[in-house]
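Below is a structure I'd like to ask you about.
Labels for the chains are A, B, C, D and E, by order of writing; each one numbers its residues from 1.
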Amino acid sequence: MDNISLVLQSLISGISIGCVYGLIGIGFCVIYNASGIVNFAQGAFVMIGGMATSVLMTDFQLPYAAAAIGAIIIAGIVGAAVERLVVRPLWNRNVAIFVMILATLAAQIVIERMAYILVGDQPKTLPPVSDLPPMMLGGVAVNIQSLWILASSLIIIAALNVFFKTSRTGKAMRAVSINAEAAVLQGIPVSRMLTLAFVISAMLGAIAGILLTPTQYTAFNVGVPFAISGFIAAIIGGFGRPLGAFIGGIALGVIQSMAILELGAGFKNVAALSLLLLFLFFRPSGLLGSTR
Amino acid sequence: MSAILEVKNATRSFGGLVAVNDVSFSVPSRGVTAVIGPNGAGKTTLFNVIAGTISANGGTILLNGEDVTDFKPEAKAAKGLVRTFQLVKLFQDLTAAENVKVGFHLKTHGGLFAALFQPAWARAAERNSEKTAADLLDLVGLSKVAQTSASILPYGQQRLLEIARALACQPSILLLDEPAAGLNAEESERLARAIRRIAADGTAVLLIEHDMKLVMDIADDVVVLDYGRKIAHGTPDAVRNDPAVLAAYLG
Amino acid sequence: DDVFKVGISAGLTGYAATVDRAWSDGVQTAVDTLNAKGGIMGRKLEVVVEDNRSNPQEAVTVYRKMVSSDEVNLFASGCVSAGNAAAAPMVAKAEIPMILCSILPKDAAWAFTTLPPAGFEIEKRFEYLRDKTDIRKVGVLHDPTPYALLQKDVAQKVAATYGIEVVSVEAYKQDDADLSVQLSKMQAAGAGAVMKIGLGGTTLTAAKNLKQLGSPMLLLTSLEDLAVFKPVAEVLGDKFFFVASPSQVYEVYPDGGLKTAIGEFLEPWRAKFGDRDPNWASRGWDSIMLAAKAIEAGQSFEGSAIRDNLEKITGFQGTTGSYDMSAEKHQGISTNPFVVAQIIEGKVRIAQ
Amino acid sequence: MNPAATSSSLPEVAQPVLDVRSLSASYGHVEALRSVDISVGRGELVAVLGPNGAGKSTLLRAIMGLIPNHGEVLFQGNALTRRKPGAAATKGVVLVPEGRGIFGPMTVLENLELGAYSVGRDKKEVERRLTSVFGLFPRLKERFKQTAGSMSGGEQQMVAVGRAMMADPKVLLLDEPSLGLAPRVTGEILDTLGALSQSGLPVILVEQKAPLALQLACRAYLLSLGRIVATINPREVKSHDELAQYYFA
Amino acid sequence: MQTTRLPLATAAVWAVSAAIVGYALIFGGYAATIISFALIYAVFVSGLNVFMGLTAQVSFGQSAFAAIGGYSSAVLTTTYAWPPLAGMSAGLVFSLLAAWAIGFPTLRLKGHYLAMATLAIGLITYEIAVEWESVTQGYLGISGIPPLGIGPFEAVSDRQILVVLSVVVLVIAFAVKRIQHSRLGRSFAAVAGSEEAAATLGINVARTKLVSFLLAAGLASISGSLFVHVVGYVSPEVFGLHMVILAFSMVYIGGLGTVAGPLIGALIVSILPEVFRGMKDSQDLAYGIALILILIYAPKGIAGVAGAFDARRAA
């Protein structure tokens, strides 16, 4: 492999993993757009996606597609539970935004530990959606699973855009996040919107988990690192913007892989985070500007 | 009488919309000047430009003859220019009295050292603030709620509190954005008296107001804006009978 | 009457979880076995386990708890080097011997380890490459934990003696989601094999990444739980090798003293834990057997007596090798017991 | 309560659409509303007047179920479930809140569309209502794409009132709708409210500009320290002074 | 006299805290370890409380300054044989310099962006502690750090350490109380209430935030130093995300913006896991649930609830 193809290969790797970060970041955007809440349990939904699919396939012998759908449904139910049991009581008490963040972190711990008790600590993985060798472009390998992730992300972004910009429910959700009391006054069923938001974003998280697990592994404790990467992606993009989160994710992935290439892996996070800082200093509301 | 504030060719646009369009006028160092005009005429934008809350696209602002166009709000405050907001911006978690005490920031000094060791001068300054705050609350009729948290004051009292807080800065010019909004007739009457007192004590007052009775009662000078432009400037009586003003605003 | 208390500060959660859970189950198995025989010198043993979350601050807390509330007589602590190092001075002050599966703390007067020298895992892999393949260039991929760093240093130092060149050394972190760039770099540097040093699911990630890159490199990983290796083998097949300890390849291991010692451990272990990986657990077992030996040798449960007699142990046949301790040497294993193994069609076997 | 302060010749309340009976509410231990009775019927516009802090806003918020309260709120004879915020709104009781409560980052058009949330997906109906609101506030039509939060104070008030009109309310509650509006616009809004109530819509108007409100109202409640201290017939109020008398009674 | 009524509930919060510390003092041992850690955290959380509670900013990155303080102490006392107090002071200076340099650009950010930027600073510092092996010895950590002390006097026993830490925490609480009711404290509150309004009253918002940030960083740094001297050991994990989450729980459970909050919060959050220790694998589960329940039922924190109760009694 010559030098140029090494750079290209690393670039491709960065984009692939970046798509994953972006997909996770999108989940953050949905809840934020619908409630103004930053949900740090988002990583748990990602974990559930991969984990539940794997368990349903191996322990319950379900076919891949059925297991995946099952996992998405499970994640949706857990999302609804988090909203009902953790978020709603705090929401009704009108707590400060960071209390909410802390509570979602606690929810993340609870889900993580339950997963641990239910399925143990061994890493698990999933087969790729289509088990094909990587596509070779010159000396550069592009793996097929990343194409699946890319395509799904784009579809999800487009769908969310349409949903939030044009649908009645989507607009109502945005209204709830901006001023919940005023939303109540318009007859918008705020609590149903909240639940819906958590269900949707839990399902998106699960989809991310299902798509990314074939490229690596999943375990009960992968949630937090994924949540941090997804959060960074969402911030780079301008909080609340699915497309921004996706671009932000790719930017993060590429920066990391270039840092590994040039500086060594030890500095990958330092480089990525420093660039994030610089970026925030010059564009304090993200690439596409925050939704609020 | 000398002008404390001179606005020269102030302009500010948002995208294609010119919210303040080449507006010039001056505010004498004594008395009350009112800015009136229809909704969206550019009054608040003009205030924001004068106070430094937003930057101007063009024009100059002179304060006591000094060019302060590009000064930040806190720098303008240090020069004696203080404002209130159209939608009140109080420090919600503080009591009414504490809100006013924050207003003494420029007139007092002391940082971490004074806070930790409380030397005699700092304690004296604190007692003085306490007393002056009480006087100011009295002026606007809020003595009774001095120890009440600002967040639970009814709207009208919040407006009065904001004025008291601004006065604590002992400004040489005070900008009030719709101070009478949300006050009933009695209360705006009391407010009018307070403003007249403030003006009589030597503070120039520039105010935006839709309450014409108040404007006619207390303003010495009236500037009328419409679509970002100044369409009239004169005494209340002159303005009241100006056909352009009648057409645009008073109807 | 009075029980002999064995304390375990283990990372039951956090990055060392797999290893430390196994270790602590191994300790428990040994204790149960001894108790069934009436204990040590007629005195029964009892285990106190505390989770240190693989975090040194927690480790200090739980060591403290076990010293002052539980009044343990001996520590058989887990594999988190940092936590053990953090607590070592305090434990030494309390005059309690500690037998570990981590690298030894700086002040090791009271600490002994069951961990073989860091070089052993490296040497076996180099030997394999030298003898069984024509690969002469390798990349080293390691995590930043102390034991991994030691191995990495050894690899760089000894490679030449095996006629092998380390063409690339790359680090990763335990929660990294992608290792492709590191692997691409190695491949670009001409490596024919990747020597991975470190624990956890990242081995699976490395395997996936190799496959996604269509890379021909072999993957040789350090010791780890077989449960992690099985899915890796499914991805990479016969391109995947790992360092195995004798207990992991018990069935195919040549007969001898070591196999007998492992057999003694495996019997109660399998009775309780079935086919769970015995490797780290067997070290835990060893720690208790070493302690028992020292106690019996000195005929004393006194901390300082145990310590002194641990230093006198020689030729003790454990499950991972034979231990020879001395006042200067608290790391007892000195012959390399490891093999390089593979999983072919779901079965573990020694690599040919 | 001081029954003596109540005018003798109030017109009969024609079958109240919204009937509030001994409604009380408090913030923590501050009793802001003490057993208030008011009602409004078809074709009526009633005014609620009172000094700052009297509890006017609290009254409207309690009716809407935004704050915990005791007592009864009957809408068309049926009790609104008062513990559930939004129950009133979905039945067609619409409030223009103090401080406007517009959705700042959303466009003017989106704000208005959300006002018609309960209409459902009937695009035509929404269009129809939009046309009528734009007729009332041409400025909103000019600026329908602007984010509502960047509008001037008065323009925002127009958005708030316009949004309420979009709901096609069955009862309309307004908390100082004239706040920040130029005199001419205030006049227009109040005229519109008058016309709406003439055409049958029950309206409760909280207003500081008492003379303007009294011109339109068929009945005015005077609130002080959380109680109704007087119910008056505006036709009988001859002068401003007389009103002041009620205020301080 | 009406105004000087004893704030009963707040006094009760202090009494409970004192009782917990007193228990540890009397019984020593393991309780003393936990309470010592809690007190060290209380110092850290007091700083966070100044920045988040009094000034309404947010920082997920205070662990960075604890790390700077801790590592300065560790390296200077072990490699360079400085006395503990000197190491601690040097750490404080480094932390303040770092906070000053970082604060300028960072504090312009708001809300989630500020949260993210500070989180990044914390994570970067952690990574540096891991990677800069020649100085920090990476994950292995630095051991053999001398105990707290001045000249020949050293706090080595559990009780001595507890006494020293209690004094430190009390002094800090007293200082925070004084700051709260000073000109400086009011400018913090003003920035917290409305930056725009604060600016129009002549308050230099950027500077005020920076001062608050420096105070927080200074206290974080001190807590980092205290930790390494008390434990005698330091490694990067001490200052990881874990620390931030723990400190956040403490500041909210104790009561944001209150004087007693950091102490009672630190005590409760430190004791809670001990209560659940017997539950083994479910310990974290129970802890997470307990945290959620506390947040739901005491959203203003223990000291916040006490303060509200007192206000009500006085009214």
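We adopt the following convention: contacts are C-beta pairs under 8 Å (C-beta built on N, C-alpha and C of every residue); 3 or more make two chains touch, one makes a residue touch a chain.
Predicted, not measured: the structure shown is a model, and the values here were computed from it.
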item	value
Count of contact steps on the shortest path from subunit C to subunit D	2
If a chain touches subunit D and subunit E alike, it appears here	A, B
Interface with more contacting C-beta pairs, comparing A-E to B-D	A-E
Relative to subunit B, chain with the most remote C-alpha centre	C
Rounded Å distance, subunit B centre to subunit E centre (Cα mean)	41
Rounded Å distance between subunit A and subunit C, as computed from the means of their C-alpha atoms	35
Rounded Å distance, subunit B centre to subunit C centre (Cα mean)	73
Multi-chain contact residues (two or more partners), subunit A	116, 224, 266, 269
Multi-partner residues of subunit E (each touching 2 or more other chains)	130-131, 281, 284
Multi-partner residues of subunit D (at least 2 other chains)	none
For the subunit D and subunit A complex, residues of the former touching the latter	64, 66, 85-86, 89-90, 94-95, 97, 101-106, 110, 113-115, 117-118, 120-121, 163, 167
Subunit D partner contacts - residues on subunit B that touch it in the complex	14, 37-45, 86-87, 152-157, 178, 181-187, 210, 212, 249-251
Subunit B - residues contacting subunit E, complex	51, 53, 72-74, 77-78, 82-83, 85, 89-94, 98, 101-106, 108-112, 114-116, 118, 122, 125-126, 165-166, 168-169
Interface residues, subunit E side, partner subunit C - complex	28-30, 33-34, 37, 130-131, 133, 138-141, 143-144, 227, 231-233, 235, 237-238, 240, 242, 277, 280-281, 283-284
Residues on subunit E engaged by subunit B in the complex (per definition of touch)	175, 178-179, 182-187, 189-190, 192-194, 196-205, 211, 215, 257
